[in-house]
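Two complexes are shown next, each including chain A; its partner changes from chain B in the first to chain C in the second.
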Partner chain A sequence: MVTFIIRRLIGAFLVLVAVSFITYLIFVKIPGGDPAPRIAGRTATDANIADIRQKLHLNDPFYSQYWAMMQSLFSGSLKSYSSQLNVVSEIKRGIPATFSLCIGAGIIWLGFGILVGVISAVTAGRWSDRVITVLALIGISMPVFWLGLIVRYLFAEQHPFSWFPDGEYVALTSNPWQWFLHLLMPWLVLAVLFIGFYGRVLRSNILDTINEDYVRTAKAKGLPPRRVLVKHVLRNSLIPIVTLFGLDFAAVIGGSAILTETVFDLKGVGQYAADSVQSLDLPPIMGVTIYATFFIVIFSVVVDLLYAWLDPRIRPT
Partner chain B sequence: MPERLIEVENLKVQFATEDGLVKAVDGVSFELSRGQVLGIVGESGSGKSVTAMTLLGLTRDRNTRFEGAVRYKGRNVLEMDEEELQEVRGNEMSMIFQDPMTSLNPVYTIGDQIREAIQIHQRADKRTARKRAIELLQQVGIPNADSRVDNYPHEFSGGMRQRAMIAMALACNPDVLIADEPTTALDVTIQAQIIELIDRLKDEFNSAVILITHDLGVVAEIADEIVVMYAGRVVERADTRALFYDPQMPYTWGLLGSIPRLDRPKQERLHSIKGTPPSLIRTPAGCKFRPRCPHAFDKCMEEPDLVNRVEDPHHLDRCWLGVNEKRKLREATLAGEEEAA
Partner chain C sequence: MATDSTTEFTLDTAAELAGEEHGAIEGKSPWLLAWRRLRRNYISLGFLFLFVVIVVLCSLAGPYARDIAKTGPNDNHLGETFVRGGKNVNVVSKGGFVGGQFHAGGVPVGPQLWHAGGRYVFGADNQGRDVAVRLLYGGLNSLKVGIGSAVICTLLALVFALLAGYYGGWADWIISRFFDLIWAFPVLLLAIALGTALSINGFHHFGISIQSGSLWIPTLVISYVLIPYVGRPLRGQILSLREKEFVEAAVAQGASPLRVMFSELLPNIASSVLVFFTLIVANNILTEAGLSFLGAGVQPPNPSWGTLIADGQSRIVTAPWLAIIPGIAIVLTVLSLNIFGDGLRDALDPRAKVRMER
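After this line comes the complex of A and B, so read on.
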């Protein structure tokens, strides 16, 4: 077990290095990626640009630039090219909003995804299953930015229903109720896609499991149907869902809630990443990439451990 | 007179499918008393497993129709509600399935799965149930039962898993043990052990056994009575000795002929019954075995009833051939001459 964890952590470190290096390479080599002319401004002379190049070590070979950037990132001194703000503290500033959004949405999508999957599997073929199937497919197909805008247009302040505040993030510590109100729309919008998807996956898992011989054995033992469903069917059907959830959740935390954050102006890490990409601002991009990779790598280790815990057949002996 | 446990009376089980009504079981009757072992024999698709599962109400579904009666100690299982059925399942009648590899839940320990039935039916607490599970594992011959009880199914071999299944089935001391092809998935040396185990435990637990198999060799040693099924019907029914020494249905000869025998002259090939079992949606007219029967004649277009046609009054069959003529044909068939001709 310990060697398993150590091995995974070494692997995680290598993934981190590889991802950051590749991201760096892409941004250095793309046309127009050179930050010096942009920093120098519109009226800059060649001497200005050369000066900036010198100062930012842009004339060094790219691997030593990469090394320097990693060093300053991990020492916390890395600054944005365009705004000159410290990258690490900007990411830290976005974390509460991103975490609030993702954890809330994660709970909603996991809970409702399981509920939807169980209901449609148990009533498979009947009208409730068909209705859920259609709704799930609609949920999966709706783009987040579109759904977000529609929801804002209907339910946000100064719109027809005017139920919720329109955008922005309020810290949990400053006002829990406002925090909740501000996040409710983003949570639901972000969760809709996953609810539909998880519901569909779980439905088919359950229908596969229900026909397993061991479920028949459980029935033949005289267990009540509810116990058969929860203990023997659901327990086995949820194993793949755990994997999905771990990886999706990590991805969302790591910045794939970009669209939701932007539509609702939550100023989270995802939005920071989106802004930086737009201005080709390399240091924040590197910072966010490392941050995202970190979560994805950590969560995939967690998923592996959970998996082994849930399924004794793959436990390392 | 031992206690009568099960009476199946003209049982019909039909499944409504998109292709039509499947008559999986079509008028089956038999009885089972305490201490008795009843063998149900037939090819795949002859309705033997459906019959067995129906005894426990496991074939209930929106698309299933039942007729006739399955009486357990006088109560009709077909008319019980779900809760009554749960009381019976695993407690008074329990079942062992064909494939021990897939019949145990891979994510729970063997002990957990044995305990479950004890806790539900006897309202025992966890510790008592665990102790009982260890005892049961010892009884079915699992070495180091007190540590093996915490193993997962994948840590058991096939034979051990089937033993664990038997322990699970016997957990609540049932009156009836239904074993649905319990040895089919096991290798031959283990088969005999499992059959012996079932036979021994039947006496220890004072219960009755229904043993379902496609292999007459398996039931030969322990069954008291044998029911041969074909196309959802009983085609022959007799005490085990009578069935082996004086089988009346050409179908039964076919089943007997497919067992390799060392005491008969060596045949070129092992005998097999030609053709495949009929569709259960549109069964052939007259005798259901007629299309595959090498001895069919005009009369076989009429449906024969399951009646006594020989000296032994317990011996019933559905064959129109005259008894003496039949015995001659049978000798020829079993000796393999018919095949050569």
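After this line comes the complex of A and C, so read on.
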């Protein structure tokens, strides 16, 4: 077990290095991506630009440029090329919004996903199952940003139904009620896609598990159907959902929420990344990529451990 | 041979009946059986039909623009008028006092359906461009990117999976690490970064030259970032098939690696590939829309469903149809593919575990 964790952590570290290096290559290889004239401003002389190149190690070979950038990123002194703001503190500023969005949406999609999956599996073939299947399919077929736009138009900007505040993030510490109101629409919009997907996966898992021998045994023993469903069927059907949830949650924290954040103007980490990409600002993109990859890699280790704990037949190797 | 109707009807009698009709019971290929199952699934076929209709409509964008709407996808009609019911109507409203009330102007005309002789069926945008024409051209671009990237992505994933699964060992290790690496990247972030970086000056390395603004950029970016999502499950299937006796037999007969891969392994995963392909086209259309919405996909003035929604975003209050209509087009297209893909999976292999993970 300990060797497993150590090996996975070393692997995770190598992945982080590789991912950051590839990101660097993508941006160094852009023609016209030279940041020095942009930082120097419009009235810069050639000497100014040369000076900036010197300071940012832009004349060095690219591997030492990469090394310099990593050093300043991890010492917390990396600055954006275009706005000159500190990258680490900008990411930290976005984290409350991103985490509020992702944790809230995660709770909603996990809860409703399980509910929807159980209902449609228990009533498989009947009308409630069919309605849920259709709704789930529509849910996974909608572009999340479009849904966000429409919901925002209907419930925040149109006068008859403008029940919700329009966009932006309010800190939990400054006003919990406003925090909740501002996030309710983004939560639901982000969760819709996953509810449909999880419901469908759980439904087919449950239908597979119901035919297992041990479930027949449990029924034959005369256990009440509810107990069979919860203790025997659901417990085993949920194992793949746990894995799925871990990976999806990491992906959402690590940037899949970009679209939702942008549409609702939540100013989270994802939106910071999207804005930086538009202006080809390498340092923030580097910072956010490493932040996101960190979560994805760590969560995949956690998921593997959880999996082994939930299903003792699997030994982590 | 006549069957006595009074005797009990058993499987043997069924075989005899069938034998009378066709002479002997023929073996049926799995594809034929799958087609028979699919043929009974009217919902799936209905949605396949819907998808075909959407594709046909979008490919008629050129004739529609020329003969019915009489405008191109990027033609501005600011300050122009058109005739509706004998009256002249501004394409984009002019500001000023109307009936003593001040109007800001700049509001494009709404959907006309067929009241304006085929012009502005879905209204105009803020530059006076015909939304219906842009919707069809945009659909064409979205479908090109979605289907093109699905083809490239599936082919590459298939080749990688065959190599990794057949050779195992080092080849498998390298390919699996490559999958892991792309998998570890935040997908959307990587796609946005690549898309933006490439759309500035295009790509001019290794003898390949792609102009900026080319549809190839989003197509290649999307196919690249989604390779592991198709490649990983296929590799798993091939690894297990590799251990089967029929592969061993083929190798023992002296079949070359290529022959084993393409005549023994490939037919056995063909049904999975087909199902994956349908679902990945749906997924890629959504990804393209997201990328274009963020400005990292199809570049303006080229329309795509994603860029049309992005254009409509700022005008959602005054001209909501600009964002709503392309969104509905996306939902219908993706939904039809998802439902058809589901039916296809049920038909090809009712017990299959193929799933699109995202």
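A few notes on this one:
In this text, the second predicted complex is superposed on the first by the 297 of 317 C-alpha atoms of A that agree within 3 Å, B and C clash if a C-alpha of one lies under 4 Å from a C-alpha of the other, contacts with A are read in each partner's own complex, and residues count from 1 in each chain.
By our rule, contacts are C-beta pairs under 8 Å (C-beta built on N, C-alpha and C of every residue); 3 or more make two chains touch, one makes a residue touch a chain.
Please read these numbers as outputs of a predicted model, since none were measured by experiment.
Of the two partner chains, neither chain B nor chain C is touched by A:Val2. Set against each other, chain B and chain C differ in how many residues of chain A they touch, and the higher count belongs to C. Once the two complexes are laid over each other on the shared chain, residue contacts for A:Leu280 go to chain C alone; chain B is not touched. When the two complexes are overlaid on their common chain A, residue A:Arg313 makes contact with chain B while staying clear of chain C. By the touch criterion stated above, A:Gly255 is placed in contact with chain C alone, chain B being left untouched. When the two complexes are overlaid on their common chain A, residue A:Tyr153 makes contact with chain C while staying clear of chain B. By the touch criterion stated above, A:Val297 is placed in contact with chain C alone, chain B being left untouched.
Across the superposed pair, chain B and chain C touch chain A at no common residue. Those residues of chain A that touch chain C in the complex are listed here as 15, 18-19, 22-23, 26-27, 29-33, 137-138, 140-146, 149-150, 152-153, 157-158, 197, 201, 244, 248, 251, 254-256, 258-259, 262-263, 273-274, 277-278, 280, 285, 288-289, 292-293, 296-297, 300. Chain A meets chain B in the complex at residues 212-214, 216-225, 227, 232, 235-236, 239, 310-313. In the complex of the two chains, the chain B residues touching chain A come out as 56, 58, 82, 85-91, 94-95, 97, 99, 102-107, 113, 116-117, 120-121, 152, 154, 165, 168.
Contacts from chain C toward chain A in the complex involve residues 180-181, 184-190, 192-194, 196-198, 200-201, 204-205, 282, 286, 289-290, 293-296, 306, 309, 312-313, 316-317, 320, 323-324, 327, 330-331, 334-335, 338-339, 342, 355, 357-358.
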